[in-house]
Each structure stands twice: as structure tokens, then as C-alpha cells.
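You will see chain A twice below: alongside chain B first, and alongside chain C after that.
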Partner chain A sequence: MTARNREALALVPSALLLTAGLAAIFLRRDEFLSNESLVYGGVFLGLCLAAHLVIRWSAPNADPYIFPLVAVLACLGLVELYRIDESFAQAQARWFVIGLVMFAVTLASVRDLRWLQDNKYTIALASLVVLLLPRVPGIGQSTNGAYLSISVGPMSVQAAEFAKIGIVVFLAGYLRDTRQVLIHGGRRILGLSLPPLRHLGPLLVIWGTAMLMLIFIRDLGSSLMFFGAFLALLYVATGRLSYPLAGIGAFAAGAWFVGSRVGHVQDRVAAWRDPLDPELFNATGGSYQLAQSLFAQADGGLFGRGFGQAELGTMVDGDLVTTPLLPASQTDMIYALIVNETGLLGGAAILLAYLLIVQRGFRIASLARDPFHKLLATGLSAVFALQVFVIVGGVTKVIPLTGVTLPFMSYGGSSLMANFILLALLLRVSETARRPA
Partner chain B sequence: MADVHALPLGDLVEPVSVALKFGIVGVLYLFLVWVARSSVTDLARVPMGATAPGVAEGTGLSGGGTGEPRLRVERAVGHNPGDEYDVGPGAVIGRGGQVDIRIDDPYASGRHARLVRQGMVVIVEDLSSTNGTFLNEEPLVGAQPLQIGDRIRIGDTEFTYLDD
Partner chain C sequence: MNTSIRNLFVVLVLLFGVLVAFTSRWTVFEDGDLRADALNRRDVIRAERVPRGRILAADGTVLARSVRERSRSSGTTRYVRRYPLGSKYVGPVGYSDTSLTQTGLERSMNEPLAGKAVKLTTAVDRLVTGDQRGDDIRTTLRPRVQQAALDGLGDRPGSVVALDPRTGKVLAMASRPGFDPNKAINESGYYASLTKRSDRVLLNRATQDAYVPGSVFKVVTAAAAIDSGKMTADTTVDGSNGQVFSGAPMNNYGGAQYGQVTLRTSLTNSVNTAFGNVAELVGKETMRRYMRRFGFDAKPPLDYPDDQLRASGSYRDGRLIPATSRFVDVARLGIGQDKLQVTPLQMAMVSAAVANRGRLMKPHLVDRIVDADGRVQREVEPELQQRVMGAGAADVLRSMMGDVVNEGTGTAASLSGITVGGKTGTAERDIRRGLNDLWFIGFAPLDDPKVAVAVVVENTTGAGGVVAAPIARDVMQAALGGDG
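Moving on to the complex of A and B:
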């Protein structure tokens, strides 16, 4: 079976899951099964096959497993969003279609990644501007004390989602050119051989930017995501463990400093350390959300309560649907909701799917021959993995909870579009690497 | 929807619901196991150009190609941009007579730099030239493994390393 036929076949399970998931929810709601879920499943399969045809045409040798894995995650996300509120699923379905179009356009238009490498400084500058825009009065918006989104007319754009791709492109291009100097460093200080100041400078600037992000955007999550991807790239580019180790130390020191001084970050850390403290639990912006997330996951048990059976307590507040028992269940908490409904078994499957995507991503990097492609695939996979870690880690109380989306599942157009662009770039690298000579 | 065919279930709601839940998780796991298995098979296959000699040397990245290592002229007096020179087992670049790739550059020494094939990698080293060799615009120190796309500059002469 050729790679592309394998991919087409692998899209069938996602359509099946969508059909079955919706059927389970209809059953709970209306006590009957209808062919409506079959129609939705069919439409979903049709859309995925259309995207598959674009891949077949423009990247015939690319990795065949990543896209079906993404389709499975997206369909489970749609099912859960439908379960929270039908309007979420409808909006998300529209974003999914737009995301697929962006994916197709990126895949078809970015045929040669050299263009990205040549424009890395422009891309880096644009990304930084986008990252800082949410802080500009008038267009910026603050959500729970963090400055994460830009509002353009009726739409709101999550800055970090798009900036992460630009930053990774820049770092891959930059490290591709300077890695040799970083390996054969100059002076040795305290057993650590430091690169010449001229090259250490930009690295320090990147560290400084991550710290500034913490202070200005007040978001530990995206800052961790960016800096983590940077360290992963630095390690792959130089093969020296001392860089990431020193980087982790520097980040920890900076995070501790900021965490103990910036109010918003401080609150998050306090809520994380003791979410069940009655005082924090009842405080506004306290640990209520995190504690409820933990309860929901524990309540799910091994096998879960079943689709459509999580207690959310839907409350319609004007146009905005809120779920008082699990706040932000459509975005931050979607993982907790899935664990409540499908149990540890379902949650583990989701994580496994993410793990497989990341494994395929690193596999693409290991197959790539051009160093820039190698670094780009590594960086994109790393930033994707870290995003999943930051939000799932936050929801499960491994790290302080921050508002990062769960890629391809959370409600939100920016996240879907940005991650589809990321996926298109990965497949482009894969196509270049696997194309027979 | 215009023609919804509804199947009322009555008492069967609970068992069907549970069956659907386990069915969904089952299909999900079967799919993931299938992908994981194919992925492992894929790992075992020796891929083209995946041997990464640089990794063993601790340099992390490598451009170990499979094809013929060669240098493409970017700019050089007396050469046409786009011309390609095979590196073969090795090649010496310089201004003198006893070299493989002769460049007519005022900054070049007689025997300026050397490319040597070592196993899967081609390394470049400066032959104590007067004005030095630049690899990706960095002064070349010692011997460096080359990756696809690396730029080697001597004075005003520039080559790109290719290997595919």
C-alpha cells in the first residue's frame, strides 16, 4: 500500500469516531438514534479527503500518519464541543474548514522552504510585534490578567499561536548559520565553554525576550513554550547538553523572580500549589477552575461517565455560554472534560495521539537532509509538544495553569489555523526529505 | 434536517450508550496501535540520507547526503555562477598551479583550503592561508564537517556545498 492510500484509509476511523461520538450525545439528549450523526460523519470525511487530495497533489511523499492523527483529535474536539453547546461546534466546524483551507494554501504555496530561511529576520520581527500587540491599548485584550489576544473588529486573534511558528522559523534559520561557532566555543568559564560574545549576544536577547514576555504578557505558559522550543533547537543544533541545562537554570531563575513579583503570575502559582485551600477556592481568580478540573478528572475514573454525561451545569449568560461547574470547558479545560467523559482510558488515548504526532515530527527531522529543514521540523515538533504539555500539565496540576489551547481540540479559530499552518510546514519538510532522488 | 430517520430506543438507551463509549475508545486505540506499529516499521527501515555522522561526533546535525559531493560556484572571477565541481575523494582550492579548483582571487593563497572526504562526511579545512576561509561567513577554525547548503568563501570567491 502506498503512503497516500494508507493516509486515505487512516481517515476513516476519525469519521467513524465523529459519527459514534455524536450518536452517543444525541442518544443522551433525545433518547433516540438518528441518521443525523452519519451525515456529519460523512461531511467530515469528505472535508478530510479533500485535504488529502491536496496533499496527494502537492506533497505526494510526505508522512502519511500525521494528518489522520490530527483528524482524530479534531473530530474528538468537535464532539466534545457539540456536547458543551451546539453553537461552539458549529463555529468550530467553520474554523476547521478555514483551517483546512489555510493548510492547503500553505502546502501548495510554500514549495521551497529556502524562502523562509532568507526572510528569517523579517519573520522574527513580525512575530515579536504580533506578540506585543495585545499590550497595545485599544486593540489588545486582557483575559484573566494575561495579555494574549488582539481584537480586530468582531474577531479576536490569539497572538502567541501565530508567533510561535515565526519564532521557530527564525531560530531554525539563525542556528543553522551560527551553530558551528556555538559548538567550537571560545573561552571556558567555570567548566562551561562560552561562545564568542558576538554570538552569545543574540542568545541572551532571546532569553531576555522570553523574560520580557513573562512580564509584559504575564503568561508563563507561552513563555515556557517559546523558551523550551529554543532550548530544544539549541541542543539539536549543537549537540551540547550544557546549553539546555544552562538555559533551564536561567529560565527557572527568571521565572522564580517574575513569579514572586508579578501579581498575576503569583496568583497562578499560589492556586497551583494548593488548589483545595478553601480561601483560594472561593477567591475570584483563585483556584476554583483548577480544583474543579481535578474533581472532573477524578470523577471520570478508569472508563469515564460516557459521552454527554459530564455535569457541566450549562448557564446561558446573554450570548455567552458558561459552564459554572467547569469554567472554560471549551478551551482550557477541554482535556479535563474528555477525561471526565471517557476516563483515564480516553485521556491516555488523546495523549498517545499527541505523542505519536510529535514522534512523527521528530522522525521527519531525522530524515531531513538540509540542516535548516532538520531544525525547522525539530522546532515545530518541540513547540507543539510543549504546548500540549503546558495545557495538559496545567489542567492536571503538574505546572501552574495557564491559558494555552490544546492544539486541534480546543475551541478557537486562531489555534486551529496556526496549527494547520504548522502541520503544512512539517509535511513540506517531510515531502522534501522523502522525495526519491 | 429534512428526513431524520429516528430510532427510538427506550430502555436500551443505557446499554447502547455504554456500548458506544467503549466502541469509541476501542476504535481510537485500534487506530493508535495501527499508527504506532506502522511507525515502528518505518523506524526500522534504513532511510535515505538518515545516517547522521555528525551525531556521533557530537555535532548534532549533519547533512550526510547520498549523492555526489560537489561545490557550486556562486561568484568567482573566471568561473560561471552555477558551475559545479565534483569533490571526489578530496579537492584543494587555491590560486597556485597544483590545485584541483583554481580560483583567480587576489585574497587567495596558493594552496588555500582543502576538502577531504571522510567516510560519509566531507570536511573542509584551511591550509594556513593568509586571509583565511569563511564557512557561512564565520572564520573557519580547524576542520569542519560540511552540510548541504554551506557557503565557503575565500576573498571574493564563494562556493555552495551540495551533496544530493
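Moving on to the complex of A and C:
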């Protein structure tokens, strides 16, 4: 069987999963089964097959496993969103279609990755501007003290989602050019061989940018994601462990400094340390969300309560749907909700699916011949993995909770579109590497 | 670069491993603590969606039931508790509410009342078990007896407990003042106002309050004296007024002089100084042994929430001490003074043990648990708590208590056509204003007791024989008057 046919076949299970999941929710809600779930499952399968045809036409040799894995995650996300509130699922389905279009457009238009490399400085500048826009009065928005989104007309755009791709493109291009110098270094200071200042400079600038982001955007999660991707790329580009270790040290020092001074970050850290403290629990901006996340996971146990069985305390207040028992269950907390309904096994399965995507990403990087392609695939995979780590780690109290989305599952158009673009770039790298010469 | 890529992947696998480890921690290893956390309301919310079982009196009168309530703001249905008889049964039954939590039988019987709703863990369980209505609790409480107890107390603070000495069934458990649990659940501010009141209205006096027993405790002293073989009913002791015990003079009621009196006469006339001598003769060790057999020094084994039960006994600085403690003045312990603090339930158990020929039955409020389809899930069988004394000694003591009602201080408890046994008590609270806690414990009929009671009326003028005995009479009459 050819790779493409395997891909097409693998899409069927995810469509069945969507059908079964929706059926379970219908059964729970209305106590009768309608054929609606079958219709939705069919439509979903049709959309995925359409995207599959685009891949078949424009990147026939690309990795065949990534897209079906993404489809499984997306359909689980849709089922959970439908379970919280139908309107979420409807909007998300529209975003899913738009995301697939973006995916097709990116895959079809970016035929040669050299174009990205040539324009890396422009892309970097654009990304930084996008990142800082949320602080601009008028169009910027603050959520829980963090500045993460820009409002454009009726829509709100998550800046970091798009900027992460631009930054990775820039870093891959920049490190491709300078890696030789960084490897061979110049002077040795304290046992650490330092490259010439001319080349070290930009790296310090990137570190400084991450710190500035912490201060300006006030979001530990996204700066961790960016800086982690940077260190991963630096390590892969140079093969020297001393760079990322020094980087982690520098980031930790900076994060400690910022964390002990910026009130909003301070609150998050306090809530993280002791989420079950009644005082923090009841304080605004306290630990309520994290505590509820842990309660929801405990409620799920090993096997979960089943689709539609978690307690959300859903309130309908006019048009606004809120879930007071598990706030932001459609975005930040979706992992907690999934664990609540499908248990530890469901949560572990999802993490495994993400890890498989990351594994395919690194495999693409290994197979790529061009250093820029290698670095690009590594960077995109790493930033993707770190995003999952930051949000799931936040929800499970590994690190302080910050608001980034769970790729392909959380509610939100920006996240879905950006991750589909990321996916298209990965497949483009894969296609280039695996195309028969 | 491929080696570095592989190393990087290993690092990310480890990071994801941490995520799985932490998810396991919350779902499997530490889930119990999280589930039980007071801040976690999931089980409470879930339980609200299922109607709790009813709580019924012995004759089927509904004491508590669940009614549907639709909330307009959230569009959800929930069940709330209603208590058709208001404040009358709030002591034993308690209340159940999401914000006030639970007390009484509502709490101790929560598991059957709530059904399996709380314990359902998976969707599969739900499909298998189907209907989730909780089980009904049929109590041993008899409305007519309860009503007689409440009527007898009237507006006076105090408590009445009536037991069936043969089985340990609690026939009535009254505590005054009371409050309306319906209002506590539904009226904002009502419960908060109750917590601010100085009359301990939220307390179930029958099981939680501490009273000085006074002379009703002489029954325990007499039981220890007779059953241990140290005395008989006809052994004489010095009953003269003003004898010195532990360096302080003791007086008889009204300063009466008795000289040498038998144990029987001492009980009939409640002679303090005679019982001071009896207690010293019996000794601390024997006193402690018999107190423990009657159930003192431990919480009664009632099917009721543990923190709403109080152990009776000698208290020093708020802590229970045994009768053998050097801080105990045994002569004054013997007349129910010194450091003694008892609950009405405990004194009813003393009366019931004597009535049942020395065999103390475990007191219980639940008669049986019946599921939604009427099937009996569990029936509570009478169970022996303790063999307190020999049948012979108990019979002697029973006839002595008959004399108390026949010709002694408890004549006001006598019933026409039925002979009654009992003992009065007057525990001084405020000597200057003449305020006392007035007691009566007793049983009827004398030769084959079917009901045993303890009555206490707080902080009032007069003597136990005048105020508490008539209440006991009415309660016993109601209990003997057939069903209901």
C-alpha cells in the first residue's frame, strides 16, 4: 500500500471516533439516538479526505502519519466542545474548515522553503511586532493579567500562536548561517568556549526578547515555549550541550527575577504551590481554576466518567455559556475535562498521540538533507511539543498554569489555523526530503 | 545533527512522561484526598440530582422527603429536602442541605439515603444500576410518644428520651428549644441567626448536652452496691444530715435527718448522706466498673453521627477522667454531683438496663432500610450492648425504684392502673434564685417494663418529682397506649 493510501485509510478511525463520541453525548443528553452523529462523522470524514487529496496532489511523498493523528485529536476536541456547548463545536467546525483551507494554501503556495530562509529577518520582525501588539492600547486585550490577544473587528487573534511559527523560521535560518561559527567558538572563558561577540550578540538579543516578553506579555507559558524552542534549535544546530544548559540557567534566573516582581506572575506561582488553600481558592485570580482542574482529574480516575458525564456546572446566562465548576473548560482546561470524562487512560492516549506527531516531526528532520530544513522541522516539532507541555503541565500542576491552547483540541480559530500552517510546513519539509531524486 | 535530534526527542519523551506521571498522581494515587476535599463540590452536586430516600416514623409518618426544584438561572433540576413536621424531629432526623451540610440521621444514614449516586464511577455502572432513588429509612420513633415528650416540655428548655428497654429502640427523642429545618434550608439568614443564639438551639440536647445528673445517678450507685455483693437492699448506712465527706459537710434535701437507714429507704427518700456512705463503701474501682457497664466514659453506640454524641462521665478541664482518678470525690460522685456530666440518652440507658433485668440493649434509631420498591434492605435486630448486672440484683433495684414512685419522691409519675418505677433528681444550678435542672428517670409497667425514659427540664424552680415526673408519666402512658 502506498503511503498516501495508508493516510486515507487512517482517517476513517478518527471519523468513527467522532461519530461514536457524539452518539454517546446524544445518548446522555436526550436519551435517544439520532442519526445526526452519523451525519457529522460523514462531513468530518469528507473534509479530511479533501485535505488528503490536497496532500496527494501537492506533496505526494510527505509523511503519511501526521495528518491522521491530527485528525484524531481534532475530532476528540470537537466532541468535547460539543459536549460543553453546541455553539462552541459549531464555531470550531467553521474554524476547522478555515484551518484546512490555510493548510491547503500553505502546502500549495510554499513550494520552495528557500523563500522562507531568504526572508527570515522580515519574518522575525513581523513576528515580534505581532507579539507586542497585544500591549498596544486600543487593539490589545488582556486576559487574567496576561496580554495575549489582539482584537481585529469582532475577532480576537492570539498573537503567540502565529508568532511561534515566524520565530522558529527565523531561528532555523539564522542558526543555519551561524552554526559553524558557534561550534568552533573563539575565546574560552571559565571553561566555556564563547563564540565571537558578533555572533553571540543576536543570541543574547533572543534571550532578552524572551525576558521582555515575560515582562510585557506577562505570560510565563508562552515565553517558556519560545525560549525552549530556541534552546532546542541551538542545541541541534551546534551539538553542544553547554549552550542550552547556560540558556536554561539564564532563563531560570530571569524567570525568578520577573516571577518575584510582576504581581500577575507571582499570583500564578502562589496558586501553583498550594492550589487547595481555601484563601487562594476563593481569591480572584487565585487557585480556583487549578484546584478545579485537579478535582476534575480525580473525578475521572482511571477510566473516566464517560463522555458527557463530567460535572461542569454549566450556566446559561443570556447568550453567554459559562462553566463555573471548570472555568475555561473549552480552552485552557480541555485536558482536565478529557481526563474527567475518559480518565487517565484517555489522557495518556492523547499525550501519546501528541508524542507520535512530535516523533514524526523529528523523523522528518532526520531525513531532511538541507540544514535549514532540518532545523525548521526540529524547531516546529519542538515548539509544538513544548506548547503541549506548557498547557498540560499547567493543568496537571507540573508548572504554574498559563493560558496557551492545546493544539488542535482547544477552542479557538487562531490556534487551529496556526497549527495547520505549522503542519503544512512540516509536510513540505517531508515532501522535499522524501521526493525521489 | 541527527544525534542531537534524537537526544532532543528523548528529552521531550521524558517531559511527556512527567505529564503522564502527574496525571496518574491526580487520577489514581491522590484522587481520594482530592475527592474528599471540602472545596470539591462534585459529589454534592451529583447527589442533588437524585432524590434522597424518605425518613419515616415507626408508623410510616413522613419525617423527611425530597422534592423537585427547578432552577430558572441554570435550567437544571435538583432535589431539596422537606421536613413536613418542622422542628419536632430535627434532633434525631437532622437536616441535609448542600450549603449547611448534614446532621443527625440525614448524615449517619447518608449512604443508603443518597442511593448509589455518589458511588457511581463509570458510565457502565450507571447503565447497569438504572434507577437511582435512595432508600427509605424507617425509624423506631413513635409519633405519639414524641408528641407527648414535646408537649410535656412545652416551652421549657430540656430533653426527653424514651427507649424500649427490651430492644433498645428509641421511641422518642425530644430536645427543646428546637428550630425549623425547612427555614434553615430555605430562609437566608435564619440559620446564621441560630448560630448566634445563646440557648444552644442547634444542639440535640438528648445526645450532646452535658447535665449534672444529681440524684438520678443514685440508681447507678445502688446497682454497683447490690450487684457487686457489697450491700443488699436491707443493709443500713448512716443517713444523718451534715456528715463530712472529703473535708466538706453534705446535706440532705431540706436538711432532713434519717439516722441509720436501709439502702431501699435511702433510694425511696433520696438520702444524700446515706448514698455518700454507700459510694465510699463501694469504692472508686467498683464505681468505675459499673459506670462503664452502663455505658459511661464512652460515646453511646447509637446509629447517629459520632460528633453529635457525647460521652457521659466525670470531666476535668473538659476532659473525661475515670472514677478512679484522684480528682474524683467518690461520695459526691455517688449522689450524682462532683464532676459528673451526663446526657439524657445515657440516663435513659441506665433506666432501660435496670428495666430489662440488667441487660442493656444497644440504643438505635433505625428500624429498617427499605428500597424504592419496598424491599427491606436491612433490618436492625436487637443487640445486647452489655450485661450490666445479674437479673436478681436488677429485680431488687427495680422494686426499689417502684417504691420511689409508690411512696417516695416520684409519686407524680404514677399511672392509674399501671405500676411505675423511677427515680427523681434535682441538680442545683443557681442556689440563690432557686433554679435547678430537674430529672426523672423511670420505666413502666414495673413488673414487665416496655418503656424506659429520661426527662430533664433545665433551669427551673421546684424539684424533679414535681416537674419532670409528670412529663415522664405522660410519655410512658403514650408509649404503652398501643401503636402510634
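The definition used in the following text is that the second predicted complex is superposed on the first by the 436 of 437 C-alpha atoms of A that agree within 3 Å, B and C clash if a C-alpha of one lies under 4 Å from a C-alpha of the other, contacts with A are read in each partner's own complex, and residues count from 1 in each chain.
In this section, a contact is a pair of C-beta atoms (placed from the backbone, for glycine too) under 8 Å apart; a residue touches a chain by one contact, two chains touch by 3 or more.
Keep in mind the model is a prediction, meaning the values are calculated, not measured.
Q: Counting only touches as set out at the top, which of chain B and chain C does A:236 meet: first, second, both, neither?
A: Both partners, chain B and chain C.
Q: Once chain A of both complexes is superposed, is A:366 in touch with chain B (first), chain C (second), both, or neither?
A: Both partners, chain B and chain C.
Q: If you stack the two complexes on chain A, which partner ends up touching A:102: first (chain B), second (chain C), both, or neither?
A: Neither chain B nor chain C is touched by A:102.
Q: Given the touch rule stated above, what does A:302 touch, chain B (first), chain C (second), both, or neither?
A: Touch status of A:302: second partner only.
Q: Name the contact category of A:311: first (chain B only), second (chain C only), both, or neither.
A: In the superposed model, A:311 contacts chain C only, not chain B.
Q: Pick one for A:390: touches chain B only (first), chain C only (second), both, or neither.
A: A:390: touches no partner chain.
Q: For A:374, is the partner it touches chain B (first), chain C (second), both, or none of the two (neither)?
A: both
Q: Where does A:354 make contact in the superposed view: on chain B (first), on chain C (second), on both, or on neither?
A: Second partner only, chain C.
Q: Overlap of the chain B and chain C footprints on chain A, residue-wise?
A: Correct list for chain A: 24, 235-237, 239, 303-304, 306-307, 309, 343, 359, 366, 371, 374-375.
Q: Write out the stretch or stretches of chain B touching chain A in their complex.
A: Interface residues on the chain B side: 1, 4-10, 13, 16-18, 20-25, 27-32, 34-36, 38-39, 42-43, 47-50, 52, 54-55, 58-67, 135-138, 141-142, 144, 147-149, 164.
Q: Can you tell me which positions in chain C touch chain A when the two form their complex?
A: 1-9, 12-13, 15-16, 18-20, 22-28, 30-32, 34-35, 37-42, 45-46, 73-75, 121-124, 126
Q: Using the touch rule from the top, collect the residues of chain A that touch chain C in their complex.
A: Within the complex, chain A contacts chain C at residues 24, 232, 235-237, 239, 276, 278, 281, 291, 294-307, 309, 311, 313-317, 325, 339, 343-344, 347-348, 351, 354-355, 358-359, 362, 365-366, 371, 374-375, 378, 382, 385, 388-389, 392-393, 396-398.
Q: If we count contacts the way the header does, which residues on chain A are in touch with chain B in the complex?
A: For this pair, the touching residues of chain A are 6, 10, 13, 16-17, 20-21, 23-24, 27-28, 30-36, 39, 65, 68-69, 72, 76, 177-181, 183-184, 235-240, 303-304, 306-307, 309, 342-343, 345-346, 349, 352-353, 356, 359-360, 363, 366-367, 369-372, 374-375, 433, 436-437.
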